[in-house]
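Each of the two complexes below includes chain A, the first together with chain B, the second together with chain C.
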Partner chain A sequence: MLSYSFDFSFLMTTWPAFMRGAWQTILLAGSSIAIGFIVALVCAIIRSGKNKFASGLVGAYVEVIRNTPLLVQIFIVYFGLPSLGLKLSAETAAVIALVINTGAYGSEIIRAGIESIAKGQLEAAECLGLNKFQVYWHIILIPAVERVYPALSSQFVLLMLSSSITSQISAQELTAEANLIQSETFRSFEVYLIVAAIYLALSVLFRVVLWAIGEVAFVRRRKLRT
Partner chain B sequence: MITFSSTHLIYLIEAARWTLLLSVIAFIGGGIVGLILALGRVSEIKALRFLSGAYIQIIQGTPLLVVLFLAYFGLSILGLDIPPIVAAGLSLTLYTSAFLGEIWRGCILSVPKTQWEASNCIGLSRAQQYRYVVLPQAMRIAIPPTVGFMVQIIKNTSITSIIGFVELARAGQIVNNSTFQPFITFVFVAIIYFAMCYPLSLASRHFERKLNVGK
Partner chain C sequence: MSVNEAAGTRPRNEAVPGAEPIIVVDNVSKNFGPLQVLHGVSLEIQRGTMVAIVGRSGSGKSTLLRCINALEEINGGSIKVCGHPVSMSDRASVKRLRSEVGMVFQSYNLFPHLTVLRNITLALTAVQKKSRADADAIAHKVLGLVGLGDKAEAFPEQLSGGQAQRVAIARSLALSPKVLLFDEVTSALDPELTGEVLKVMEDLARDGMTMVLVTHEMAFARRVADIVVFMHQGKVWEAGPPAEIFADPKTPELRQFLSSGL
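Coming up: the complex of A and B.
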């Protein structure tokens, strides 16, 4: 028989803690996304470049990261690196692991964008007399990122959600906050229901913000539409 | 002082069997629910489309870890004293079904519309259209992304270590607790995960190339 009665009264006192956790998750995920995007961009450029050795190295990095769990990557950074003499705080370790993770996934997405640029575009740009750097920036990189931006955004939202795993090394974020609250209130099910709802709201928020950033960043797309 | 040895490695490999078993459970459970979701998403009935869409949005919008906690604590609220593998299997099924449902929906939609119209003309019912015309073609398209997603399933089983289910990641923690050699232990754990996932990644890419040859 289901004789359980839901009790959300703990929210009266713990709501600020939930909000603090949500804010910490926004900071953690936001900084990981920002740094991770730069890493991804650099890796994608190297990967599609002419240097075989560097490209192979980045390829190996991408394969290793994409075929091992984030949890294990976090453990290696947080528990493993100190034994090699590099001691990190939980938050720093969390950001490093998340950046390494997004860097790998993001670079594969951006690389697909770079490869999708038609050769005719490059020839046309050369005919117009653009120099090498201008061609790379205006004809390859920006249109490539623009084209894969929706996929990139989804990847970033997934990263925000998987940042919950960093609670396992006691990094300050929403899930860690929830673990603390449930150990004080003993209302585990209710606490995680609230947390699920907050994550849902966060993923909508991230989607909207990423969409807005895309609207501002990609001038051409905005102009073509109107 | 205990150091990391072959005994520990064997222990890790044995624990990896639980990772594989859990992955199979998640794939079968998630596959069945995912197919229903995919069909619901392309259904002619609006309510079905809405319900399956909402389910997918909610699961994809919450972290697997939170779903796992909800399954773990939710099932115990029902008064069931359940082993962690049930909560682990349930939450991974929920997670897998939402993603596979969305992947397979895309595959069903990518079957050309003319196929629907042609099979309609020769008088097939909707069920027959699915059975004989649409699903066989969608399945061909679905193989590469589905195999690719299996990698995600295997990797995500590691999260169930958090509720105490002893699979590969948890076994790594146990070994680390006795050897205090986290770096070498978790590197070996990562290598075993890699050995399970990389062949699937390669297979997914191989199928994708094969599929694109015909085009």
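Coming up: the complex of A and C.
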């Protein structure tokens, strides 16, 4: 039973495919994170805003997304939307589904940050003469995102890992490449061990990049190491 | 009630006779739901004077201060600052008020994500549209005034309470307001830190800044204020120079207040 002998020789010919897959995952996850962050930010602003109708609408969106499987969301975008005449490439569908998904989770994280800003902060800013937009930007949004940035980073790394699910609609990414290699070499164990190692490396890479972005964006983090 | 005659034995900022008061509160009432907090408060504050508002918790003193600065909508009467009526619904009037009045809070309300310097320059650049260099120069000047010239690059969490409150004062001061409002600014401080904040306020008073403070520091009010206003049950109960207020209280309520807390 334990007589399995590992054979990684297929790597000699397939490593470019692994690298291509890793790069595609970086692009897929990177663009989903960038767009997803903006969606999350806008949703958090609306959700914590005064407009009850808009806030309720975003709330419904968040709850629906958080209470249904990502795979089903991906299938709806990829297989469902064409019925409405919207034919999407697998990659576009993957990005859309991942953005919708991370937008919902991210907005809840940012909303928590927004709601953690003390009322006194807003009054102090108003008393200094800042207008509503300036107060929102300088005193609410920037500190809110700064405060929840670690949680947001984790969410984004999770999104990168979740992007492997888009292999189910044959989006071009690491897991899909691995599936292909595995079907040609029949070395499933080795292929997925390698894929796991690459995902691990990608996680580290994403964390480092997100950390660096935080260092640049938030002076206090840089200065105080908080 | 007119409270504009400055007097006393110590040198005080004399009100200019016949000059228009810088703040006129006329018969102001304010309620929070069914709870009436201010009952027809009238008060005139002269340019260059320090007015200390004292009274028990719940007497309406902080609410009055917040009404003057358009942080609370009043339900009756009128308030004028620098000759302009204060109205929360009139954005232009609020904007002008913000340029004329600075306010310092009990809880400092420094912006935690900004350095001391950026706390001060934010409004200078965002509101007054000054250049970074001009704003920095002003910030360093006001930090010098409150004795914190070396803290420009610190973050609020690295300051003691007394230092934080002095930064908050400097932040208001940087905008060159005509009036500074202080809402129990030493109430959150240890006694040894209270002194450094009061010292800054005393310096400002000596330089002729118009100041209105809600305070529990009776000794400070007695020594430095030009006028002491005693509020009770949402009304100005008694007001006058500290010498009169402290030495010769006219009402039993003030007498009781003075004997209870000191």
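What we mean here is this: the second predicted complex is superposed on the first by the 220 of 226 C-alpha atoms of A that agree within 3 Å, B and C clash if a C-alpha of one lies under 4 Å from a C-alpha of the other, contacts with A are read in each partner's own complex, and residues count from 1 in each chain.
FYI, a residue touches a chain if its C-beta (ideal position, glycine included) is under 8 Å from a C-beta of that chain, and two chains touch if they have at least 3 such contacts.
Just so you know, these numbers come straight off a predicted model, no measurement behind them.
Colleague: Quick check on the superposition: with chain A as the shared anchor, is it clash or fit for chain B versus chain C?
Modeller: Chain B and chain C fit side by side in the superposed model.
Colleague: Does the superposition put A:138 against chain B (first), chain C (second), both, or neither?
Modeller: In the superposition, A:138 touches chain C alone.
Colleague: Would you check which partner chain A:50 touches, where first means chain B only, second means chain C only, and both and neither mean what they say?
Modeller: neither
Colleague: For A:120, decide between first (touching chain B), second (touching chain C), both and neither.
Modeller: The second partner, chain C, only.
Colleague: Have a look and say if chain B or chain C is in touch with more residues of chain A.
Modeller: Of chain B and chain C, the partner in contact with more residues of chain A is B.
Colleague: Per the contact definition in the header, classify A:130: touching chain B only (first), chain C only (second), both, or neither.
Modeller: second
Colleague: For the overlaid structures, how many degrees, to the nearest 10, lie between chain B and chain C at the C-alpha centre of chain A?
Modeller: Apex at chain A; the opening toward chain B and chain C is 100 degrees.
Colleague: Taking the superposition on A as described, I'd like to know which of chain B and chain C A:218 touches: first, second, both or neither.
Modeller: The second partner, chain C, only.
Colleague: Between chain B and chain C, report the minimum C-alpha distance in the superposition, expressed in whole angstrom.
Modeller: Checking C-alpha atoms only, chain B sits 22 Å from chain C at its nearest point.
Colleague: For the complex, give me every residue of chain A touching chain C.
Modeller: Residues 118, 120-121, 123-131, 134, 138-139, 142-143, 146, 218-220, 223-224.
Colleague: What does chain B use to touch chain A in their complex?
Modeller: For this pair, the touching residues of chain B are 58, 60-67, 69-70, 73-74, 77-79, 151, 155-156, 158-159, 161-162, 169, 172-173, 176, 181-183, 186-187, 189-190, 193-194, 197-198, 201.
Colleague: Per the contact definition, I'd like the list of chain C residues that touch chain A in the complex.
Modeller: That would be residues 69, 71, 95, 98-99, 101-103, 105, 107, 109-115, 122-123, 126-128, 153, 155, 157-158, 168, 171-172, 175 of chain C.
Colleague: What residues of chain A sit close enough to touch chain B in their complex?
Modeller: So the residues of chain A in touch with chain B come to 1-4, 63-64, 66-73, 75-76, 79-84, 161-165, 167-168, 175, 178, 188-189, 192-193, 195-196, 199-200, 203-204.
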